[in-house]
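By written order: A, B, C and D. Residues from 1 in each chain.
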């Protein structure tokens, strides 16, 4: 595929998605909004997790801060949605800078656990904040405009994906990849590792906060448990890893495919959906640990052996 | 009047400290298995809480169906969970033993979901308790009320910790496990297959979770969804105590128990999580080897 | 315009199936799995049972035609975000006519916005928080009593006890419902001239109450009121025993009426006060089930466990729809909404009539566990039977 | 006035707890010079390299680069100034292609202005060619074998366009034939005119490459001078070779 062809294909796909509200059912749009937001979150995680190699469980904090920034601005200060969204992004970036600098010094599991613990701390702090409605949450004004929410979500996803496309072809992105592959070697080759990691964390924060703000206004009610939901972070990771971490479209495809599966399951087999979802995660990690992107690249060559080879390669 | 107030404040404080220490003992037992598996296999087991939950149900069914006292059921509960852990490692985790770190997080999360859902299907979402006749008994020492089962649970937790410590230090298998923590191949020097060590260690971690679950059921209620909070608590304790020695975990557990109790008393019960997880983050940043661990 | 278009789509897509058989579909997303599944099942089974019974009785008559009721229930896995999406799906894809609610206030808060957005009435029996009803929404109705008045009858009863209790400790979880309860209760305590010795908010899902209990013990109040969840009530009682906390009485908003509570605690559940807006009594007549006692028997036989007020509230939701649709004589959601606001009928749950904000006004009956049985002790009309008070210390049981 | 030496080490020490890994080391390195650093295992050679490259900070003493103290600079800043290094345990970017491994050196390293990825890859191509690696350009770095991997390390470091290159035991684990291959590669590097500090265990290698030798023993520098003179010094034979013969 030539670059030009890829470009045309991308624009066509974006246009097609953008026109969806004019012929799809409200349920599909509803599903679309939630999937686009999840894809945005996965793309955000891709920047810090996929490119930089830091398994962040802090992205749901960004989502929560975006939600609460928007909600507090709109409910407590009667500001317009746009201002709220910016306020949420601002909160999130400040959080990324303040927390990122000490926490990004930790590596591997320790970073993961630190961010995991921080999300518990954030939930607990917000539960005690008067301005955030404590643990009883905030009720946002009702806006009957799913088309608007859909287009907004799509725009943010496009922005996130274009940013990731730029990252994958830029000096900045190569710096991140170098950090992921070997942080000491990256530093010794002149990569400002601290700055790059914090920037990646903040950038992930921007997109997650945008998604959070849109989600809050759309769902109209937020409370600490749903806004700082850790399982949302796990979903971002699963979607990214399923699609292919460190690739441009992997997280988006991962989000679309897994949301589709999960939504179908919730409707079709209702109570067993979660069980099945757990099984899918386990199976995916065992049989295709490098994601769909890798599967598609190598499946043609190896065929069904692809799965058994993965197992052989990673088992003890 | 004023003196009476001072006396009652002191009494409350000592009661709270005792509560914290006793709670800490149970916490420590919950975290022990997690720390062992993490330290030796480098697996952060997000399904640890689910294993504790299973252990609690084993204890519950042994008590209600066969009328076995929960403290006598402890070894049985541990044995059952040992098998569960051993099979999980052999059947699933072993398949990704050499994959990237994300993957172990993801797969244990997946296992957690599956175990929880299966528990809901087989045990139902009803709230259960292991409620032997003596469950609420207590005795007074210097004006402080000591709940019998919590004291017993504390003693059992300490005993299991010491047993684990002795096992790791003084048996060939234990030394092989410790060596594996440093170097995968090292187990061979002790004439043990690394594969076997992995499964044994995970089984041991699960057995400790099973024991903790059995005791948890005696002091608290159980349902299929208690796992997530227990996993989070176990993390905090393992990190605060450090992964190097079982004794560190006990110190971490008691420290956390006391901090939580004091926070609830002086700041407010809704601030408990801020305190415990805030400390976890600070420990990670400033003393990554745990409160007792060596500084670098 | 949009609505007309929607109707056309409905006609085309459903290939007329729904219409030729004259079916009215009610939709709900409830907690069948997840942390709230234990209470969620009351709603699932209550809705199902009511729909079955109404259909057995011939369904409902709307403008001369007979309709059968159908039910579409989705499992929200105790996830409120998923729940919101499922309600939209119920309306737009499954084309249900009207909405029944989920369990718990925070879910009802989020889900009712869907009803409001699509202008389809929702009657929910699972959320009592005042927050749900003071937003000025027009399409949300609730059949649980007002949260801030949950302890009203309990405090009224306290005034009639001998020796009269003087001091109260109030403990409550920090979620929407329990905060509403606490705010109302605080006022009631003040009005009754009682002394509030402890006023403590704790995190939802707290499992260790040892600090709170020690604290309460040292301030030694006569009465302890706990507004929380059933798991918390269970843990509280167990730990109260093991820490030898002996107030003259303690009362809980939830948990006490359930069979689960008594089963999990055994003898330790005795003396605990609770409340229910629903009394299983033949005096509560019902058009479909005969009366509350008949209903309870039939329900236990059918589902294998005892119903509680959640179930009754769920049944009342379905019945309210049946009555309102018949009264409206049309399936038009806006007209049915107006009819709901006007209904007033006796049911197994009590008299169903909604006030201006959409909530029902139903007094709580104070209950107590006595010898492993739930006994009604006090209602608005006065003492029903003098409770076992004061509660004997744990050492003397 | 003579220009300051490229690198000057003054009274440098590093303590790990009770262990003195590097003890009061002083030397300097002129522009274009190749200095060999030898010593038995545990002599503190790698610690010295880590101190110069900035992976660790010294306990006392100073490091001057082009006359300026760099001891408080972070590793990446020193790389920007022109200090490149290889690692004893090879640290390629395993998941990246061989070409992109080298391109990262060109993108960062001493280059002040951001350059396009394409330019960096073009530069990387040249270094691959010099190091005889062109045919592996599209392979993943972790698929390379021993000597190729060493050459990749050299190419990566060279792509940074450093003024000073620190080579940490590049020969470890190679056989005789492979060692000769890599020696040729290092010679090519040296011929570009940059200064090199070579740490090596294998005496033969260091003799063939260095202008001057420095011997470390238990963290202390014991002899410094021309290779022939140093290797004949009885203290060196005692400390280093003597023990091996014994």
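A few comments on the model shown:
Here is the rule we go by: a contact is a pair of C-beta atoms (placed from the backbone, for glycine too) under 8 Å apart; a residue touches a chain by one contact, two chains touch by 3 or more.
Here the structure is a predicted model, which is why all the values come from computation and not from measurement.
Between the contact lists of chain B and chain C, the overlap consists of A. Farthest from chain D in terms of Cα centroid separation is C. Of all chains shown, the one whose average CA position lies nearest the global CA mean is A. Averaged Cα coordinates give chain C a centre that lies 74 Å from the centre of chain D.
If each chain is reduced to the centroid of its CA atoms, chain A and chain D end up 41 Å from each other. One finds 37 Å separating the Cα centroids of chain A and chain C. The mean-CA centres of chain B and chain D are about 48 angstrom from one another, to the nearest whole unit.
Of all residues in chain C, those touching 2 or more other chains are 33-34, 174, 203, listed in ascending order. Residue positions 124, 127, 135, 274 of chain A each touch two or more of the other chains. Among the residues of chain B, those in touch with two or more other chains are 117, 268, 270, 272-273. Going by the touch rule set out above, the chain pairs that meet are A-B, A-C, A-D, B-C. Those residues of chain C lying in contact with chain A across their complex are 9, 32-34, 73-75, 77, 79-82, 84-86, 88-89, 91-93, 106, 109-110, 113, 116-117, 129, 131, 135, 174-176, 179, 203-204. Those residues of chain A that touch chain B in the shared complex are 49, 55, 102-103, 105-106, 108-110, 112-114, 116-118, 120-121, 123-125, 127-128, 135, 234, 237-238, 241, 245, 272, 274-275, 277-282, 285-286, 289, 311, 313-316.
Residues of chain B that touch chain A in their complex: 38, 42, 44, 92, 94-103, 105-107, 109-114, 117-118, 121, 194-195, 198, 232, 235-236, 239, 268, 270-274, 277-278, 280-281, 284-285, 288.
Residues of chain D touching chain A in their complex: 53-55, 74-76, 79-80, 84-85, 87, 91-96, 100, 103-105, 107-111, 114-115, 117, 120, 156-157, 160. Of all residues in chain A, only 25-27, 30-31, 34, 124, 127, 134-137, 139, 142, 144, 215, 219-221, 223, 225-226, 229, 266-267, 270-271, 273-274 touch chain C in the complex they form.
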